[in-house]
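So, here's a batch of structures to check.
Each of the two complexes below includes subunit A, the first together with subunit B, the second together with subunit C.
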Partner chain A sequence: MIPAIGSFVLIIALGISFVQIFTPFCKNKEIDAKYISLSVFLLVAASFGCLLYSYVTSDFSVMNVYKNSHTHKPLIYKITGTWGNHEGSMLLLCLILAAYSFFFALLNKLETKMKDIIISVQSAVNVGFLAFIYFTSNPFERILPKPQNGVGLNPLLQDIGLAMHPPVLYLGYIGFSLGLSYSVAALISGKADRGWATSLKKWTLFSWSCLTLGIGLGSWWAYRELGWGGFWFWDPVENASLMPWLVATALLHSLIVHEKRESLKVWTVLLGIFTFALSLVGIFLVRSGVLTSVHSFASDPQRGTYILIFLGLVVGISLTLFAMKAHKLKPKNKFAPFSKEGGILINNLILVVLCLTVFLGTIYPIIVEVFSENSVAVGAPYFNSVFNPIALPLLILAGIVPILKWKKDDAQKVKAKLLVPLICALFIFGLVLFVPDKQSFIAAISLGFSTWLISSMLYSLYERRKSSIPIPFWGMVISHIGLGVLAAGITVVSIWGQEQEKILHANESIKIAHYDVKLVDMYIAAEDDYMMRFGNFEVTDYTGRRVASLQPEVRYYPVQGSNTTESDIYYSLLSNLYIAMGDSNDKGGFVVRVYHKPWVNLIWLGCVLMASGGFIAMIKRKK
Partner chain B sequence: MKQKHQRLTFILLGLLCLGSAVGIILNNFQDNLVFFYSPTELKEKAIDYNKLIRIGGLVEEGTAKQSEDGQKHEFNITDLTNSVKVKYTGILPPMFREGQGMVATGNLEGDVFIANNLLTKHDENYMPPEVAKSLKKSGQWREEE
Partner chain C sequence: MKAFFLTPLVIFLFVVFLFMAKMLETDNKKDSPIIGKEMPEFDLPAGVATDSSFNNNDLMGKYTLVNVFASWCIPCKIEHEQLLKIKEDGKLPVYGINWKDDKQIVEKWFEQKGNPFTKVGEDKEGKVIVKLGVTGAPETFLISPEGKILYRYAGVLNESIYNNEILPLVKD
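This part shows the complex of A and B:
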């Protein structure tokens, strides 16, 4: 009964959304748009609630529950399992989209004409996704007869980091639908004024911060759960989230120019369109199964085709509009190249080029596959050697541009402001260059750049100490420092990280960095839904002092017949000592992998700082 | 006139950015494209020994061996028509089993494939698309269900 209701309300929501594409343009509006949006939101929420209910009560007559759940699963993973699969996660996506549309209708203060167009476009996107769910991936499909028990959730996904990852990520992806709607509205109405930019900037800040957090969470999950101690693999699915992030970052910055100076209008509108288009590309890459990836748990060509058509429609229609109407958006102000606007424009160029390099590397294998018999892969070396050198100048820019003046700045004055950061950066550069035994030129450059960025931001706060600092400025400073922290973390862990792999018997040990890791003994144990083998490890530092005892596990899930590696990590302030267990050999030895990950915590800290900066910048200035 | 100059500067700068990026990309593509072969293709095509490639198929039943210390592994990857011997040093991924689909990255040395990375999937029901393709090519693919 409940699943039938879930399916039924979904189709009603689809119907109402379809009607709402046209209602804003009707002459006599008897019902306010926000009530219509609210009804769609409530209906999708009800549908989601029905699915959640089916999961919690383990109703295996629902195909989706049967395939992804099991009575032995802990309640928390029964709940999060709702979106731990293709259909459920798409329903979650629709719920978030409906929520964005509703909150837009409720909160915005735009003029009526603009608002009407935006609501109409949002409804069209709603229809696109609801139809996608209903016709290609209905979560409420039934099986008869009802099976006794379910197949269970992929054990890799039974992790709190991953349970939170999709909702947060979707809050990012889907928030960009407003970027598309605002852009289309600007093109149709032929104007995009300050209010337009301020309003879109808020939504973009929120979605961007969520996407940043979502990517961070995904990376943190992969780091702990996949057992190779890596935080970024240049996996196509990771790239799928990175591309919209890069363009959204560009959009955010060009919106600031738009808001303050009313220039770069056409560019902003174009970025608005592309940010959402790239979110759709991301969804296509993940959902169509065209790529080999941990994430491609549902591969169905029909779904891929659907999303591709949807993407084609969105991009085709909005770019046609762009070509016809963009000339109407005239900039109000001109500016000199050496100004804040100029700097932001260069930042935008670099971000877009970065996105292009990721896009090419991700899409190229698919193109080759389509046009020839060959299968190719573009590996991490490509991305590392192309992405990193182009990204490094961003650190420099992020340290300079915020202290430049709008319109036109004086090079002499700027030089004086940059003296302190320059000295700090050179100091760190020199210091790193002469680290005994561990010299690395690349690390010196990269850490120098990070220091430059962080010290320049701190110095700009110091300079403004006498005047009151506006809240958005705090947000910017925190985000930029986050970027510097992130870059420093990535540099140190990739260059000075260590890894050792050895067969250990009881009482044998591995030496790594300044630690000594000893396998004391091993146990086998059973839990509700899995069996595990864990090792007791003792970690001592070079003085012989015991610093930690760690219990990494290998879990075997009989329901799915699969293994997972539960690494165990010793967290010092900045660095991690990371132990993962592997298989046993014939003679009672265990394969043990130990990683020393210096400064890796800075990566997560950087992500959190960047996202919090974004949220802080949303806070309204007191008038 | 001034504005025109400015626009020109920006356009040139943009082109320069784009140009150098495309340059770096193309240059790197040359070295970093990793081609995929099925065991049958390995037999039929002449393959450059120095180039990194990927191969995929099933781990052939009854061929997996490991050395005394458990570090060196040998097994055959098969598309059920042809098979190729693979040598690998290191820890096998957790889902490594005979009969499982897998993708290996490495170089060909003579008749032996020296793998430096093995990829299996974390889920028993999942078949990497490359492996499925490999089996389809050799005509050994059976649709399940």
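This part shows the complex of A and C:
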């Protein structure tokens, strides 16, 4: 009964959304758009509720529940299991999309014509996704006879970091649909004024912050759960989330120019379209199976074809409009190259080039396969050697541009302001270069750049200490410092991180960094839905003082017949000592991998700072 | 309209074309690269209700099905009935590769539900599984009398796949 209701309300939501594409243009509007949007939102929420109910009550007559759940699963993972699979996650995505459309209809203060177009485009996108769910991935499909029990959820996915990352990620991806809708509205109506930019900036700030958090959460999950001790793998699915993030970052900055100076209009509109286009490309890459990745997640050619057609229509139409109408959006003000606008434009170009390098690396295997008989894989070496050098100058820019004046600035005055950060940066550069046994030129450069950015931001706060600092400025400063912190974390952990792998028997130990890691003994135990083997490790530092005892596990899930590693981590303030257990050998020894990850926590801290800065910047300026 | 503003659309259409081309290709090549190749060399110790080791010689001179299964695999239990039907049908003998399993548990299972296999080999370390490129149990392979792999099916075998995809490949 409940699943039938879930399926039924879904199709009603689809119907209403379809009608709503056209209602904004009807002559007599008897019902306000926000009530229609609200009804769609409530219907999709009801449908999602039905699926959630089926999961919580373990109703295995629903195919989706049977495939992805099990009575032995803890309640929290039954709940999160609702979106831990293709169909459920698409339904969650629709729910978020409907929520965005509703809140847009409720909150925006745009002029009617603009608003009508945006609501119409949002409804069209809504129809696309709802039809996709209903016709290719209906989560309420039934099976007969009803199975006794489910076949579980991929045990790798039983993790709270992972459970939280799709909702947060989708809040990012899907929020960008408004970027596309706003851009289409600007193109059709032939104008994009300050109000347009201010309004879109809020939505973009929110979505961008969520996406930042989502990517951070995903990376944190991979770090703890996959047992490889890495935080970023340049996996196609990770790239799929990084690309919209890079373009959204560019969009955010060009929106600031647009809002303040009414310049860069055409560019902003194009970025608005591409941010959502790349989100859709991400969805396509993950779900069509054209690329293989660790996120082997419901790849199905039929679904791929559908998303591709949808992507082609939505983005194709938007870009055709762009080709026809973009010349009508004329900039109001001109600016000198040495100005805040100029700086932001360079930042934009770098971000877009970064996105292109990721894009090329991600689709290059496809290009090769389509045009030749060969197949290639593009891995981390390409990305690290191409991406990183282009990304570094961003740190310099992020430290300078915020203190530049609009329109035109005077180089002499700027030099004076940059003296303090320059001294800090040179100091750190020299310090790193001459650290005994640990010299690294790359680290010195990169940490110098991070110091430059962070100190320049702090100094700009100090300079403004006498006047009241507007809240969005705080947001900007926090986000930029977050970027510096992130860069410092990545640098230190990549260059000075250590790892060792050894077969250990009881009472043997591994020396790493300034720690000594000893395997004391091993146990075997069983839980509800898995069996585990865990080792008891004792960690002592160079003085011989015991600092931690760690219990990494290997879990065996008999229902799926699969193993997962649960690493255990010793957290000191910034650094981690990370132990993962592997297979046993014949002689009672265990493969043990130990990683020392200096400053790795700065990576997550950086993400959190960047996202918080974004949220803070949304707070209204005092009048 | 300025030609310059067309650039994004052109680039986008090229990317869509690429994806499309790749999708079409993926459709044709859905099957594993192992199809058409010789069955890899193997020699597995005897499993449930089998008295000699299971190796390439067992598969020679007739069409056979090789099924990868395990008692810890729930879909395998669903598939079991279909395998029994195939045995009854008598057209194709089914050989089993028992993957990382406990012989006694399998024995009990077969006592209750019946044994569809002509012979079972035990693959405790998953050596043959790896050679065959198996991604998960159950998986079924059709082997020609010359020992070539003709067909591979990953997932629970059903009546229509047996009748419409496997049997047509078998030449009398």
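Following the convention adopted for this analysis, the second predicted complex is superposed on the first by the 623 of 623 C-alpha atoms of A that agree within 3 Å, B and C clash if a C-alpha of one lies under 4 Å from a C-alpha of the other, contacts with A are read in each partner's own complex, and residues count from 1 in each chain.
The criterion applied here is as follows: a residue touches a chain if its C-beta (ideal position, glycine included) is under 8 Å from a C-beta of that chain, and two chains touch if they have at least 3 such contacts.
Values in this document were obtained by computation on a predicted structure and should not be read as measured data.
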Simultaneous placement of subunit C and subunit B on subunit A, clash or fit: clash
Which of subunit B and subunit C A:376 touches, first, second, both or neither: first
Subunit B versus subunit C as contact partner of A:501, first or second or both or neither: first
When both partners are placed on the shared chain, which of subunit B and subunit C touches more of subunit A: B
Touching partner for A:589 - first (subunit B), second (subunit C), both, neither: first
First (subunit B), second (subunit C), both or neither touched by A:308: second
Which of subunit B and subunit C A:386 touches, first, second, both or neither: first
First, second, both or neither for A:346, with subunit B first and subunit C second: first
Subunit B versus subunit C as contact partner of A:564, first or second or both or neither: first
Subunit B versus subunit C as contact partner of A:356, first or second or both or neither: first
Where subunit A meets both subunit C and subunit B, residue numbers: 289, 561
Subunit A residues within the subunit B interface of the complex: 154-156, 227, 289, 292, 294, 297, 299, 334, 336-337, 345-346, 349-350, 353, 356-357, 360-361, 364, 374-379, 381-382, 385-386, 389-390, 501, 503, 554, 560-565, 582-583, 585-587, 589, 591, 593
Residues of subunit C defined as touching subunit A within the complex: 1-2, 5-6, 8-9, 12-13, 15-16, 18-23, 25-27, 30, 70, 72-75, 100, 137
Complex contacts: residues of subunit B adjacent to subunit A: 3, 6, 9-10, 13-14, 17-18, 21, 24-25, 28-29, 31-36, 54, 66, 69-71, 90-92, 94-96, 103, 105, 122-124, 126, 128-130, 133
Sites on subunit A touched by subunit C in the complex: 149, 151, 266, 270, 273-274, 277, 281, 284, 288-290, 301, 304-305, 308, 311-312, 315-316, 319-320, 322-324, 326-327, 363, 366-367, 369-370, 558-559, 561
